[in-house]
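What follows is a pair of complexes built around chain A, which joins chain B in one and chain C in the other.
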Partner chain A sequence: MSVSTPQVSEAPVLVLEDLRVSFRTDEGDAEAVRGVSLSLGPGESLAIVGESGSGKTVTALSLLDLVPRPVGRTTWEALRLHGEPLPGPGDRGWEGLRGRRIAMVFQDPMTSLNPVMTVGDQIAEVLVRHMDLSRKAALEEARNLLAQVRIPEPARRLADHPHEFSGGQRQRIMIAMALAGAPDVLIADEPTTALDVTVQAQIVGLIRDLQRASGMSILWITHDLGLVAGLADRVAVMYAGRVVEEARATDLFRSPAHPYTALLLRSAPRLDGALERLAAIDGQPPSLLSLPSGCAFADRCPLAEARCREADPELREVGSAHLAACWRSDEVARMGGGR
Partner chain B sequence: MSDPRIWRQLRRHKVAVASMVLFGVAAAVCFLAPWLTPYEFDAIDLSRIRQPPSRDHWLGTDDLGRDLWTRILFGGQISLLIGLISAAVGTGVGTLVGAVAGFFGGRTDALLMRLTDVAYSIPSLPLLIVLASFTQSAFMMIAVIIGLLSWMTTARVVRSEVLSIREMPYVEAARSVGARNRRIIWRHVLPNALGPIVVGGTLAVGNALIVESSLSYLGLGVQPPTPTWGNMLRDAQSTMATEPWLTIFPGLAILLVVLAVNFIGDGLQDALDPRVRSE
Partner chain C sequence: MMLGISVIIFGIIQAAPGGPETMLLQSGRIVDPEVIEAYRVRLGLDQPVPVQYVRWLGAAATGDLGQSFARNRPVKDVIFEHLPASLELMGAAFVLAAIMALLLGVVSAVRQYSWIDHLGTGFSFAGIAMPVFWFGLILQLVFAVRLGWLPVSGRQTVGMNSFTDHAAHLVLPGIVLSLRYVAGWSRYLRSSMLGALRSDFVRTARAKGLSERRVVWVHALRNAMIPVVSVMALDTAGLFSGAIITETVFSWPGIGRLFVVAMTQRDYPVLMGILLLGSLMVILFNLVADLLYGWLDPRIRYE
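Let's look at the complex of A and B:
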């Protein structure tokens, strides 16, 4: 087990307790996030892993209070940055924090930049807003940021519009925008899913390098377990709006304690030679409109038994800094699937 | 507009360039009228009424013997100003209402759109009569009134554009770096809705010329003897068969200006969109 892995006990940068988000729909309220708690240490990388609809992106948006109102209803017990409470959901004061203390890189770089504004102006906008720079100084700084994210000929390219850049370059520009306010926490919401595989590795490497240089904490949102192995210190696995397992990345891959994690690991292709048939997880995630009273994964779980359908297990400690929400987590090891 | 590439692209749009030249020449000729014609626009010469075009009177004379060329130039001053001012007023108000309604949605949207419906459904004629009685037909007021009667279409079009633009990821991205609503609307939403706004604005110029002429017809527009292209056209309709030049030339003036403005709008729309510009 690696010794350098940062621990939660190190006075966390960001603490979130009991986040709940529901969306009003015609068929009733969809509970997208049901009591998620997270903490992020200084310079730490935490990955939230989950499939579509697991609530991982909504969790990320909540940290910037970007969940649309009044369709979405957000509540949390506590949200603190360096120990100071942040404004509540919908309160004043968020605009000064967004991009300054917490910033976000979005999924799709093709549509996340304003097509009719030059990239220089878009980066400079953040600097003028948060760093108290004149437009001229901001453009100068924007050039530095473009150089930092390794865009060739940054001075000339400031005056170009987004469509003149490739997808990977646009994501670099998004990263430059997110870094412009020198945030304490960067949320990277599947920043590589819309990109070519070769470009993905570059973008991930770039974010890692920038993190090392600035010491910011990163919250990765992804569905790609393979990606997680290489970049996260800790991993939280989400299913149907809840964290079902949280552990150091090494522990999670070696000994998953939730059947969902184990099955996820088994369904991911491995590159180390062992050629097995990829195992799909049978069934569908439950509808967020009518969640079962017991464990949300019970219907798809090979270990499910009567009590799983009766009561939803709480997240509890199953090892050192290892949490899982499963009645039968001791037996998960026997399912196989760990690496 | 500071971007030199906008001009470069605009110049590539040949018809738009020709239209800008035409519009520029027309405006210059109208406003230089005192130097371009020996006649006064209201100089009545009863010895030479209803003359066809000739060397003395290039475009002929009307039923009071006034020189038509002179009247078209002086009338153009007022018609062009009314067209531009009312289009600016109408487009400005419409864009503001549409942007606020579309962006904020909910009750704001419902309120503003019902207001728009009401404005649409009020018959403009009685309203015009009431308003005109306060304004003594000053052409500036007429321009503003025409603008205030024509913002509703723009408001609806802009609202529907904004409804889709506000859901774009770049709006959320702008929000995520701390941009406030006003800035998001001004820098991120409206520039992306510029196409329909410009088109609406150019159409409004032509529309204003027509509305002004119907106002004149009711005696509520610019009052004689001051000419406008609209009231000249109206005065000519009884003599359309016998003295066709009185109808043809003011009509031609309106047609050319409206066409030119529409082509300019077309060229602007392309030039303002950087995605079109590079191709």
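Let's look at the complex of A and C:
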């Protein structure tokens, strides 16, 4: 599979600067996202990778201002779509953007569709909401969308309810719903995690085909580095609410500059192997309630030294379009045991 | 099932002390034991209990519920005469309770822990804990006696037959009868809505850009209503017994008051007729609950 170079010269479609999200919990404030910045070029695929709880979903939800309030508190420095600032967190104006300019496909297709509404209605309501169609025209268009995501006999299946479809088909329906608003950006939050391996490949293939046809930008969220290699132009690795490394996919795989990435790559299953979850790094991520003043990865890091526990390294340029947040990024290559 | 219920109804009535003849004795007019015996024979009370039961059941199956002791008229006629008033009151109470519970339940869930949610919680505790007759008397005192806005009791003012007069009479008993259902249903809907609002498909609905109104009142509510509607259907049969106290307090000429009157008169055929009707309602609304459940939840289909 070819991996195109990111179009750095072109104006980015989506820019996010310094996103911070904290959740009020019984034990105190959990800092789920701590200063994440992202940018997404036209037609580009950016993957966010990281362990469970690293803040991937919260980052994605923030882009639609869907982090629940008042438990969650969201701030960002800037959020722009095609150069125009989007409304601030909690401001008016989000409803018209969600599903229209930025759409999202969720992890679990079993619970993400409304069980008591027909899939036709669930797709059509997006078109009625955003595309100014009558219900009748919207249902007609919903049929086309079902055909696009390769649901057999789409006309007949419009009247069916979600439970009458398989898991993979339900995810296709979610994708059809996301496409209905012809969004500029599609966020796919682990769209295949809940599915069988063979179905996973079909769904990934489908999204890539649709991207090629429409030119939309995609933010992939995944645990699965194997998947990332095949479909992402760029990769951002998240750890404890931060981006710790960001690079072109090829560069990241060839020369990781953060020890966490290097360990992830080592523990990731080979491309030919089974799709396992990333797990094999010793230790636990730190509690988001009381983060250390130094690097959050220091306790698990084979390269950790005194300064790592004293000061948290900033994300800095370590190569061409390659960022890493590590004091000893030069030495990561010599960590040994890479693949 | 109906058969079992009929045995129980019959048994309970038989177990009660005294018979219709006691009433005659108490009235002080008849003291001659022979007259009483003749009366018992005429009513069929001289027969052994099982014979009485079979006779009664056989007749009931054909729609004949026997003669009222006290009124000397067919039980069926007596009941049907009182039925419209009861259905009217129950209907009004049901509609009122459903609307109030819907609004209160949804708003309490959407604004969890707001003043309106706390108010709803307090109201529900009061609604369930407060004795019906006491609440009825308070309302009568305040709105009818003190303020004079509404009639104290009855179904219509003598000599008047306007719709407004009719409706005015319905207001207080309707509120009283609906109270505990508003309380119960709104709390149940609230918790059901809280669950629905946290569910993934509601997040999806929001991510599609739907208005908050549509997210709450269409996506969340349609799911949250499924368990609530079956409870409502089951409770509706219970309105029947709830009406007994309300109708008595407000002298509402319905089945509930008929039941109380028949009880003081030991008019057993009427009592049994009403109990049978009540049981029929319970069974009917159980069926309605099942059908509604299947209709609301497409995942359940009766083959």
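As a convention for this text, the second predicted complex is superposed on the first by the 321 of 339 C-alpha atoms of A that agree within 3 Å, B and C clash if a C-alpha of one lies under 4 Å from a C-alpha of the other, contacts with A are read in each partner's own complex, and residues count from 1 in each chain.
Note that in this section a residue touches a chain if its C-beta (ideal position, glycine included) is under 8 Å from a C-beta of that chain, and two chains touch if they have at least 3 such contacts.
The structure presented is a predicted model; accordingly, all values stated were derived computationally and were not measured.
When both complexes are superposed on chain A, chain B and chain C end up clashing with one another. In the superposition on chain A, contact of A:Ser134 is made with neither chain B nor chain C. Of the two partner chains, neither chain B nor chain C is touched by A:Ser290.
When the two complexes are overlaid on their common chain A, residue A:Leu64 makes contact with chain B and with chain C alike.
In the superposed pair of complexes, A:Thr75 makes contact with neither chain B nor chain C. Contacts of A:Met177 after superposition: both chain B and chain C are touched.
Taking chain A as the common frame, chain C overlaps chain B at a single listed stretch, which among 5-13, 41-49 or 95-103 is 95-103. In the superposition on chain A, chain A positions 64, 66, 95-100, 103-104, 106, 108, 111-117, 125-126, 129-130, 161, 163, 174, 177, 181 are in contact with chain B in one complex as well as with chain C in the other.
In the complex of the two chains, the chain A residues touching chain C come out as 64, 66, 94-100, 103-104, 106, 108, 111-117, 125-126, 129-130, 161, 163, 174, 177, 181.
Residue ranges on chain A touching chain B, taken from their complex, read 64, 66, 70, 95-100, 103-104, 106-108, 111-117, 125-126, 129-130, 161, 163-164, 174, 177-178, 180-181. Of all the residues in chain C, the ones that touch chain A in their complex are 199-201, 203-212, 214, 219, 222-223, 226, 296-299. Remark: chain B residues 106, 168-170, 172-180, 183, 187-188, 191-192, 194, 272-275, 278 touch chain A in the complex.
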